[in-house]
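To keep things simple, chains are lettered A, B, C and D as they appear, and every chain counts its residues starting from 1.
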Amino acid sequence: MRLVMKFGGSSVADGRRIHHVAEIVSQQRSLGDEIVVVTSALGGVTDKLISVANKLSVVGDELKILEALIKLRDQHTQAAMDAINDPDIIERVEEVIALRLDELEKALIGISHLGELTPRTLDYITSFGERLAAPIVAGAITTLGYEAIAFTGGEIGLITDENFQNATPLEYAEDKIREFLIPALAHCIPVVTGFIGETEKNVITTLGRGGSDYSATIIGSSIDADEIWLWKDTEGIMSADPKLVPNAKKIPVLAYIEAMELSYFGAEVLHSMSMEPVIRKKIPLRVKNTFKPEDSGTLVIEEPEKIDDVVKAITVIRDCALINISGFGMVGTPGVAAEVFGALARKNVNIMMISQGSSERAISILVRESDLKKAKSALKSCFPNIKKEITLRDDVAAVAIVGAGMAGTPGVAGRIFSALGSNKINVIMISQGSSEYNISMVIKDSDIERAVQAIHDEFKLGESGDA
Amino acid sequence: MRLVMKFGGSSVADGRRIHHVAEIVSQQRSLGDEIVVVTSALGGVTDKLISVANKLSVVGDELKILEALIKLRDQHTQAAMDAINDPDIIERVEEVIALRLDELEKALIGISHLGELTPRTLDYITSFGERLAAPIVAGAITTLGYEAIAFTGGEIGLITDENFQNATPLEYAEDKIREFLIPALAHCIPVVTGFIGETEKNVITTLGRGGSDYSATIIGSSIDADEIWLWKDTEGIMSADPKLVPNAKKIPVLAYIEAMELSYFGAEVLHSMSMEPVIRKKIPLRVKNTFKPEDSGTLVIEEPEKIDDVVKAITVIRDCALINISGFGMVGTPGVAAEVFGALARKNVNIMMISQGSSERAISILVRESDLKKAKSALKSCFPNIKKEITLRDDVAAVAIVGAGMAGTPGVAGRIFSALGSNKINVIMISQGSSEYNISMVIKDSDIERAVQAIHDEFKLGESGDA
Amino acid sequence: MRLVMKFGGSSVADGRRIHHVAEIVSQQRSLGDEIVVVTSALGGVTDKLISVANKLSVVGDELKILEALIKLRDQHTQAAMDAINDPDIIERVEEVIALRLDELEKALIGISHLGELTPRTLDYITSFGERLAAPIVAGAITTLGYEAIAFTGGEIGLITDENFQNATPLEYAEDKIREFLIPALAHCIPVVTGFIGETEKNVITTLGRGGSDYSATIIGSSIDADEIWLWKDTEGIMSADPKLVPNAKKIPVLAYIEAMELSYFGAEVLHSMSMEPVIRKKIPLRVKNTFKPEDSGTLVIEEPEKIDDVVKAITVIRDCALINISGFGMVGTPGVAAEVFGALARKNVNIMMISQGSSERAISILVRESDLKKAKSALKSCFPNIKKEITLRDDVAAVAIVGAGMAGTPGVAGRIFSALGSNKINVIMISQGSSEYNISMVIKDSDIERAVQAIHDEFKLGESGDA
Amino acid sequence: MRLVMKFGGSSVADGRRIHHVAEIVSQQRSLGDEIVVVTSALGGVTDKLISVANKLSVVGDELKILEALIKLRDQHTQAAMDAINDPDIIERVEEVIALRLDELEKALIGISHLGELTPRTLDYITSFGERLAAPIVAGAITTLGYEAIAFTGGEIGLITDENFQNATPLEYAEDKIREFLIPALAHCIPVVTGFIGETEKNVITTLGRGGSDYSATIIGSSIDADEIWLWKDTEGIMSADPKLVPNAKKIPVLAYIEAMELSYFGAEVLHSMSMEPVIRKKIPLRVKNTFKPEDSGTLVIEEPEKIDDVVKAITVIRDCALINISGFGMVGTPGVAAEVFGALARKNVNIMMISQGSSERAISILVRESDLKKAKSALKSCFPNIKKEITLRDDVAAVAIVGAGMAGTPGVAGRIFSALGSNKINVIMISQGSSEYNISMVIKDSDIERAVQAIHDEFKLGESGDA
């Protein structure tokens, strides 16, 4: 079997965990599988890099650079020592770390001297997180008897456009990755930095939405992997956020489409952009728990065999704001929606939910609370000739109930809203698109816990699971 | 009391009904009220005028003109004789009818000769319906002892813009109407043609959306009427279309806002545009039944005293089509909604319902079936760089459930969808705007009757009424 | 030889002239040539039609219609009697005139009744000028022994777009014209109404710029005519307007390109749009004088054999206005010209001359005086952030000096400006495009006569000509 | 008298010249005048800085940085020693130079490390030229007995927008400069870096068009200088480029407007943007020769007393390309010019000359040869529905003849073009804007020398001058 295994930040947070990751990999390798490892950065490293770069762009400070480098060196050296048993390999890894830190020092000095932090430089700086972690992971695996080699995204052929901070792989990147990795797999376990690409001119970029997951699925698609495993510190994809619903359960099998609808669920594990290569090639995706490697986790495939559960999971987005626009002249006027959404797009406001009922007299829009100010000012300038009223409320949250079985099953909406009604939870806005896999609603933020629990109970999601 | 009474087409369909209208008016006048009557055209007249004008613009035909004029003369003469008892007054009315028909003849000859039917000419032609009816109505009232005089909208000061077929009153029109009608009320009952205005250059226009209702509410607002009565051939505003729900009941009191949400209900009696002057001046509006003038009908006011019924009424719009657009690149991209609605607006497609759930991956749009073709071609050209999927279905209808009491009453949505679920009716799309007076949904057209009946029963709307 | 002969308004002004036209045609026919005649309307008819239509659209007036019809009937009956000797043919022509006048009467009644004059109706009304003239011309020719038949543009296949008042022939019109006229030429002399086309739905249109000349050149191109003769009441194309320059002389031979540059010269005889079919097919064009049919007139061909005269002619456009825009921030700013001309285009201002020198600090624009107001208001809103100065003067006229020989002949500009200098005539603006066939300049209107005479003298244009 | 003296690059090219500059300044100071000195960078320094920064952004190279710094240190140290006699002052100046070079080193290391050269960083790098020169100039003056202090643009209050590489002073900058310099003038001679400003956040910018001249005129305007002296290595503004016309003579007095028209003349000495503050405040401007400080140079004022010479000077722009666009449908179509210039603006093509004659059939545009490719591709997409022809030639140059006396003097154009004609020089394009101070023309590049000489001779410009 050919596998891509991606380890998230918590799985490689420190040396012990990396050692555990190495054990998982070598254990699987011992079964004869070909494996590509995609790694994230060590715990806290990316944030630390961004923070120091930002500070240096405002006030140059050689001491701050030194301090940051020392901390990073200590953190990674310690991790190497914890992860790797063989002193020779530790030494080699420490050399690589030292070289990378030299490179980082120069970049930080550059920022410090020029007082400017461009998107391009920020991509370069943040790339050091994964580029420092990969050699340690590779060293740890090698110690266990299987040669592993660290590569950057650019080295394996992950060529992207020049849209720094949010780069997209070019079409021919998959060909380049295949050409590089297939021969490499014959003699080693490649350990690839997730999240990082390179332009055609060899300038480092970072992938936008989806990050390291996207690296893993692009690589999986390039080498026609049999499965892609996303390792996390949770049991898999859950029926609800366990912080909200204590009896939330792991979902054993999900359809791609459901996983995408759930993309906001918990740490945004499955951004829909990163699903694209997987769906295109119909590669099974598995979300597994590094603490329970023997557990089958959640399997995401095109069409699960039997869909008995109409509702699979419930997701929540907090910190939302609701905008309601109404006015006499809006009725039956083609172009009202176009003007509203055009104004919001020009101010770069992302629309989370839209609802316009058949009376055509009002449009309701849900946005992130952080976009509310921009949205308000954008809407003020719309329809100068129409008496309109704009009302806002920012004490709301969005809830989405997801399940492919909802399509064509009458009564699901009734069960959902009855469950809410019995609990005296008022529903402020409802939107069900024609995909029918998803009913979204807006409720008061203070009602969220009770609402999610009520729906979770109604559909007995706490009792499901592959026990 | 100062009243505006507007009689719809069915109330003045023929001479007998006009006589009945005259009795209603004089009966009310005898109580000492000041009354302005707004009249529609006789039964079938407007359609006949449009039809003959269209035919003549294609093929000129003097015989067809003659034939049409004879029919109109006969219809109106007969109506005059049936409506009016006094031969002198009948004679005077017939003279006016003859003069108007002469004018119409010339216009029809004009169309016939030039082979062209412009919006301006069409407004002129359709104005004859009301202009022929008003003298008969005035004559019938006069016969009963109260002098009534027929006026056109232009004559009383209803000045509009030059947007033929869909004219809007100018701001100062209300001042002109007041100046004209207040003195007139002192010595007569003005009978005003509904639906008709005039530009500042004295060219006849027709009001757009709302028509004669709009004339009535503008006049009511101008003269600070105490109430505005819209006379129809139904009992008032009903809880549902009686053709769909046999036990539908009259609603005794409604809020303005509910009436507007119901604006599509039955014959579009209360277009929201025509509500504007009423809401501005807080004038009570009454929908009354010409066949039961003693019945209080439906009273529409700003804030009904007690709102005990959470759901007031159910409306249906048939012949709809549902469009669903989805694609990977759409997620979290500000501007997707703007592009979609911009494209639709440029093709003049009216949006009836919009739904976009929190996964941000798809937008669903409900349009009239007649706009489906335009909508499809508009959407094809959107996002050329994004792989997108557009699906369509045209076997659907929209249902709106309306009630001001729905706001803040948990459980309403649950009751609605449970009722549908028990009846195995699948809900394809749901949209509830933040106005909370309205839940709109899309279901299969073939499910409509069962759906409306089920909700009607759930909320026991058949048992309400002012019995 | 296959000829298209187009007779201008002055050539068919009345019956005597039409008789003369018939003699010219039959004389040429007797030489064995195939001839298509394109005719204009009788003297003053088109203006009369427009004037009465306009008046009737404001105030309907049956008497005015009658009066107009009687005048037109008398004018055309008299013309028929003067042009045609054979009483039978006169009778037949009078019948046709009577039928057309009946048709016109209806159209005028239509306008009178509807009070509206659309571009479509105006095209229909003005078409009667040519449609009344063609039968008389055909009759006059028939009397002289060659059967001639009158056709409208639509009848021969001149199909246009629906851009009323300024219609353009559709691409396949030439095929339709060929199919119709080639067989017709075998047995008659077709007399075609100039200036008039028809949409695909048989609604009459009028050609825009170029009018009857355009009809003639389209027909000439369609039937691969050997020559196209444009008959006028002048000797041909003149070296200058004889009203300005008494010793102006006829130009015997001109290149197409020169004729186009001269297109404004005298009554706009050769609008460049109407030159397009001629240039495409390289058909020689001849401007001839109906009063001197034996004179060779002016021949317009692709490349005249020898170009000895560097300057051929001088044209003048009066009633111009000069706009000068200058400002500091304009220098070297790409987009200044775009903004200026964009603003003018949105207000529909036609640009006659543009001049911007190498200092890039100012742009000068010549427009028609009638466009000055629009231009001023358009320019005020340009570059709100740049301190700019806009100056205007409206006492100016444009002079263009034309001659293909100017290209590559050093010293022409020197002779022109020296001639002006010696006469103390100040040149306000100069523009010579890279076509080098044309030097345009702006001078004070009060200097025009002296300026044109001076240049005319300098190049001895009064001595040229094929005397 | 209060003077601003700006010394160009050649005037401060090395230490000897700086010493000479110091003598000029102190000589003038000894007469009691208040003086602000504006200085450029030493010879070749700015180019060297740009070149090394560009190289380092591609390949980081510590040696190259060192090499550049050593060269710059040597050049400026040598200059200090040559310019200044007092060893103490030399030492102090060398200290400042060393500090600045340390700062530069860091910036170069930054570029080298980050591999990126943003406009902001480029402004910072190029600022070192002036910032290294100013202390030397100040030291040299101080040695001669008048205390001089070096300031940067930012230090004196020259606040600009953030448009790096082409910054514009903010409106309130003049107030800040006045507040700073007036008190400073009381006790020293301020030596200000030309060409350099600073944003409100203290980030260094460089002024765009006009550079150090602009600094000088802004300062002059701020402190209400009596005169502004621009010191160069030429005699003043010349009647023509002496390389083209050996007997070119200095022009003693010029009007502002003439100077602006001549702005392209020789090293772009008087960019029109930098004239704006001078014209606003009517401050006389003097172009003087550092090698002949006693010579009065060229005085530029608002209105020279007597304008006897109609033509003052001739300028030339080589490496131009001519584009001619023609087509049938263009005639009389408002919007043609807008579309052409809009397309060119979008591609950032700067228009040097425009000519469109009265035939409205063609537009000719002169652009820089370097813009030709962009221009061609921009124009191809214009008017897709019109058959158009675009011709190009790139063997041309532009000549502008300038003189305020040309306005209203008939015969000037005649003399110009006669002179060219006698010399068999063909004029390809002519444009005279309504400012009448300027006739521009396009001729073959190979004719340029003869053309300029001929016009120069015709107007006896070689005999003028204040000899």
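Note that a contact is a pair of C-beta atoms (placed from the backbone, for glycine too) under 8 Å apart; a residue touches a chain by one contact, two chains touch by 3 or more.
Since the structure is predicted, the reported quantities are computational estimates derived from the model, not experimental observations.
S.K.: Just tell me the minimum hop count from subunit B to subunit D, counting one hop per pair of touching chains.
M.R.: 2
S.K.: Spell out the chains that contact subunit A while also contacting subunit D.
M.R.: none
S.K.: Can you give the whole-Å distance between the Cα centres of subunit C and subunit D?
M.R.: Whole-Å distance between the two chain centres: 51.
S.K.: Counting only Cα atoms for the centres, state how far subunit A is from subunit C in Å.
M.R.: Each chain reduced to its C-alpha mean, subunit A and subunit C end up 71 Å apart.
S.K.: Residues of subunit B touching 2+ other chains?
M.R.: Nothing qualifies.
S.K.: Could you run through all the chain pairs that touch each other?
M.R.: A-B, A-D, B-C, C-D
S.K.: For subunit C, which residues count as touching subunit D in their complex?
M.R.: Its residues touching subunit D are 209, 260-264, 271-273, 275-276, 315, 317, 322, 324, 326, 328-329, 331-342, 344-346, 348-364, 366, 391, 393, 398, 400, 402, 408-436, 438-442.
S.K.: List the residues on subunit B that touch subunit C in their complex, please.
M.R.: 60, 106-107, 109-116, 118, 120-121, 124, 203
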